[in-house]
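Here subunit A shows up in two complexes: once beside subunit B, once beside subunit C.
Showing the complex of A and B:
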């Protein structure tokens, strides 16, 4: 008769509950496979659409293609899927940061379709962020299906991101590192194994469906000491390009926000501008991997001036595409712009010191890509391992480390938050596990309430109050109106001690005459972080919590710190295992 | 403990009726109405294990410049303290996150579909998702303001019905209105149901607060529902049984919401009741 509701919570089933780690590993593999399939589907769809539209890009009216693609993409996202637009990865980080990785089911496919429309029609954006978002949403919804807890859900979100990056670049290590460095923001052993399994699953599914193709061909580079020194200059240029790209995208985005056009029309406007640029410089259109391959192989014909112009044009085209509301990510544009930066720098070096036997330009193309990815995402390990894996060799590991480390540091100096995190940091919404803000955000006033205070009435004589003091273990007393129950103020023992020891006052003084009416109060739904700041600013150790004009309890720093410690232990438990 | 009810305000005559139900409920229960006047056509609610996107019917954005004044006027007419909710967090720039740490939420039968579709037998998909995910009970209002003078709890013995019973007892205690209990006997005797109540130490409280416990031992559930007082707030559990059982035999909640026009207070599977 009492029907159990465990059917709604499969994670409660004994078969799953027997071993949590095994459950996560199996679920991680499933998420990795799903992410891999999503990556292959989008990749094949892009190949098909780009191939179909390639012949049309020779016509003058083709400037309208990116406009149409961006407009359709915007309409699809806003009218059909009713999603808020965005680049994808920040939304994933936000959900991990604030809501234990909860994501909508629709996010598992909406960005695949919208980014296919944007990029396939020629928009300058990358498919990686949409696939990461899809993979993460798949992970989140599988966790929901299994009724997993927040921590396990976050792991599966990381699995989705790792599976996506691994499948796109056939680079499982980069997938793992990207997931932990960028998405989760923590290196916990409990995450590592499921994420690694997901990365392998994503890579294998990509192998299975697309064959063992490495995105960029493997080249042998013999890099010497002078070239390693020269990498410092490349790191500076990469950081500069990254800052310009970040600021240009944000500037276009803010400008577009202030234009009172429908979202689809703004996206179309941006797409049209990209189409015009593409008419003269077609290599800025789409994801741009073909140009990277040519540069790595050393077959990129245009001279240094044109390379520089194309680099700037790609930055502008990317900013127009993404800033105006097109759907896609910055990963691929970063690789393209980085490769142009590396190529330009190499050609400048060759021009300045023609007698020196410089390494092939493909090497600097790779280093430029690593530098820009590292600086843009402020994730040096992701940049290093991505380039190592997609080129299939470790020959350039030393200069890769130098370029990635320096470009990340320089970029961090100018832009303290990465492109993905900047908005979240600005809004105070980046709450990484184990940090002060995250611990306080996870506490609620309701769970900190101390309800052992005895309320007194304003019309009470001091004699009656003294009797209450004898029973109380607290040295503060909320004062209420006897008739309405409304909170009127507080009595602090320290303030009234002289009256307590003067019996003459007992029958002449009322509690209402002794109370402090200028008390700062807290509401039950106030943020604990804000309350803590108010306590610090006013040097308070206790504050009354008042709701609907009624006293409901006290909040004290000692209870807060006690709960803080417990919460911190919960959040960092996995680090000590 | 102080409790709060979330209400998404719709600045239309239909919205006013819903809002008056919320205010009447708050007045009786001693809860504070927390009013959200939407600025965007959609919002997200992050629950413990689900995220629900509520795509509002366009009428929720009617005359935004008068919405707050209309809401304020109604709140003060009920002598309640106004409290407006402004979202602090946004998943996307046009997608605010509405907190979910309330004690009650008021919904009309649908928040996403045209109001012309709202009628007996229809509860919109978003409202269903909220009921099945929320820790709080959801007050589903009748289309026009209908003050309730008593409580009617449907108790079928499931875990959710037990939570509904606990909630009914709490409300009866807090509001002082009479409590009636209704049970459709399904191959079980009255003693079986009483044993469940006894097992959960509710019998004493029940005997103190209940006025009648009506057992329907004959007739169909729908026809028996005629005896439910028209002016009762109906408290019931939802999603207490398995999906397959609901599909094959039908759900009591569906039968109730299709038959009686009363205000419904629905307790979902994640609600944790306390006496």
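Showing the complex of A and C:
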């Protein structure tokens, strides 16, 4: 029977409900198109704002522009949208790992506006993370509209992220890989198809609206064996740069947290500092893709000393913008810093061995970008494929793999969690599918309750208690107050065994005298992981669960193991086939 | 692939194979907590579609899913606690199997056992000698004379005798004999316990010991009672025992 209001609930439309895989593919395409549109909108808005403000950058007071932009963006996010500042990507990963990809509708545009203000006014940040967040929020809300379950919603969030990256860089493979490697953290076949479709849709919509352009022009490079060896040095340098960038952003963020200013004032302070840097080194302002373009083409004029200084200035400007509460991502700054690192390295090589016929500096610029992206996100595949796709060239693939792999490993050695994940890991909120933390986070105390314990009253004689022992299958007994029903303590059979066989004590001892009142209890809403840690710390095997001072059941490690195993099997079944 | 996304394929309510059950029943059939089933539906980990409190599902798909995940889906079987039926372990039924024997002759334990075993019908003839040996072996280990003139002889490995129903033979001796009882008093009443398994043996023994702890019952035995009176009295005692210790049912 169809209800007459079916049109208001698209989730019930017959066409969507005939097959859920088809539904996901269609929804994935829609999400890809939406995030592609979001990417184009932000890109065009940035171009317009930058073009409008360019004429003002000649004045001395223009140092205040980034400050005003950052302050407005912070005000917009905190006061109007009521969302915390952040890069965007960690928020998406957190929502995927903790809430099955549930995101607010307003997230689909809030970051676009705030990052447009920050970057457009000159803040050193990237538009990628805000677009990823918008795309993911669009995916999540489409999933909610179709009343899909968590797994399907996560897939659509991944579709949003893939569509965003694909549309920004016209790079569909990077979109798919970024989504699987960074956002979802699992390579499941069920995710792949909708995400690939979304990436294609996102790229296509960007072609359609902005024309078929490759962000960075394609160059021919002839790479020899010596250059490939030299890449190892570049990998080390880019790992170093990424560690410096991570630490600087965190240090500024940490310092900003301790200043007792309103959020918008802090952002304004950071923006003002960036503006002052920009007065002397204007190329650190904004997303910085123009600088990359000139570097790849080999027209970047400044000498090695200046390049090195600009590289450090870009790191500081990015840290100031993002650490003080500006809105934007680290993707573009990473690419810019990476290209500076590659350029400096190439110029050092040429200075040291001028006789050798080195490949053009554009090649090392690309490699530096790949190295920094891989190290920063700890996602080597994303780095490799992004660079291959945005330059449209395949010749650099060998050194790309080497640089990405080595810089990722080195960075992982120093910073075990990537920049995106570090906060989540520190707070214990990174729950990748199929991990111990994920299984324990999903289990609830209520699911583990054992309710076969027989409660006894504190004023019971031992004789009555012995009769109850005969009926019980357990060797522990919760003791309650007869009048109020409040939990008073536990009787453990092991503690009272000697008295049970002494009939003399049957009529002289009360249960209340035998019970252990120093029992550690658990509340039904407690986190299972935390409860497990408490049990391990105190070497407990069982713990009573008490709610509103009343005993509601026991939890034990044996039930936990049973349920843990069932949960793990259900969560990882598709991974192990 | 096919099991990764659950939900919408079963949405059409007109499907023939679709089955509907409440969440409680499904949780019961899968032997899982209700909260876990609800969470799994929300997370898309189980092939169920929820509408309020009712779930629609394809039974075959759910059974396949359950077996893939080491679970069992049993929608119909009531989950009864495993226990032996009370009839099986009834003391009165066992007494009827073993019989009541008056004026059993014999001056020593071996002679008494021989005449008791000869009188019990339900033991295979070939095992009677073995049973006597087993009873004597058990007595050599420790006397089964529990005092007050009563003994409860039984073999240590009850299953080796080859009987299918528990039997208790009540024997009133013509003359008391020395049984090395705990209280040193000569024994005039025997309850020979024979069971198909150790578990049954313990249950019957527990009931019998409950009866023999009552002073008035021992006094009643000393009269000695008529068969009908003994069986009806034992029936009363057994009901009292089961009332006090429900787990012995």
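Everything below uses one rule, namely that the second predicted complex is superposed on the first by the 560 of 577 C-alpha atoms of A that agree within 3 Å, B and C clash if a C-alpha of one lies under 4 Å from a C-alpha of the other, contacts with A are read in each partner's own complex, and residues count from 1 in each chain.
The rule is simple: a contact is a pair of C-beta atoms (placed from the backbone, for glycine too) under 8 Å apart; a residue touches a chain by one contact, two chains touch by 3 or more.
Computed from a prediction, not measured in an experiment: that's the story for all the values here.
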Task: Partner chain(s) touched by A:83 [first = subunit B, second = subunit C, both, neither] - done: first
Open item on the list: Just checking: does A:58 make contact with subunit B only, subunit C only, both, or neither of them? Give me first, second, both or neither.
Closed with: neither
Open item on the list: Quick one: is A:547 in contact with subunit B, with subunit C, with both, or with neither? Answer first, second, both or neither.
Closed with: first
TODO: Pick one for A:151: touches subunit B only (first), subunit C only (second), both, or neither.
DONE: second
Open item on the list: Which partner chains sit in contact with A:94 here, subunit B, subunit C, both or neither? Use first/second/both/neither.
Closed with: first
TODO: With the two complexes superposed on chain A, say which partner A:467 touches: subunit B (first), subunit C (second), both, or neither.
DONE: second
Open item on the list: Output check: A:518 vs subunit B and subunit C. Expected answer is one of first, second, both, neither. What do you get?
Closed with: neither
TODO: Would you sort A:103 into first (subunit B), second (subunit C), both or neither based on which partner it touches?
DONE: first
Open item on the list: Touch test for A:21: subunit B only (first), subunit C only (second), both, or neither?
Closed with: second
Open item on the list: So subunit A touches subunit B in one structure and subunit C in the other; where do those two contact lists coincide?
Closed with: 1, 444, 446
Open item on the list: Which stretch or stretches of subunit A touch subunit C in the complex?
Closed with: 1, 12, 14, 16-21, 23-24, 100, 148-152, 155, 188-190, 442, 444, 446-449, 467, 470-471, 563, 565-567, 569-571, 573-574
Task: Complex contact set, residues of subunit B against subunit A - done: 1-2, 4, 32, 42, 44, 46-47, 49-51, 53, 55, 81, 88-95, 97, 99, 101, 157-160, 162, 188, 192, 196, 239-243, 245, 269
Task: Partner subunit B, residues of subunit A touching it in the complex - done: 1-5, 7-8, 82-86, 91, 94-95, 98-99, 102-104, 106, 144, 147, 257, 427, 429, 444, 446, 524-525, 527, 547-550, 552
Open item on the list: Per the contact definition, I'd like the list of subunit C residues that touch subunit A in the complex.
Closed with: 1, 3-9, 11-13, 32-33, 35-36, 39-46, 68-71, 244-247
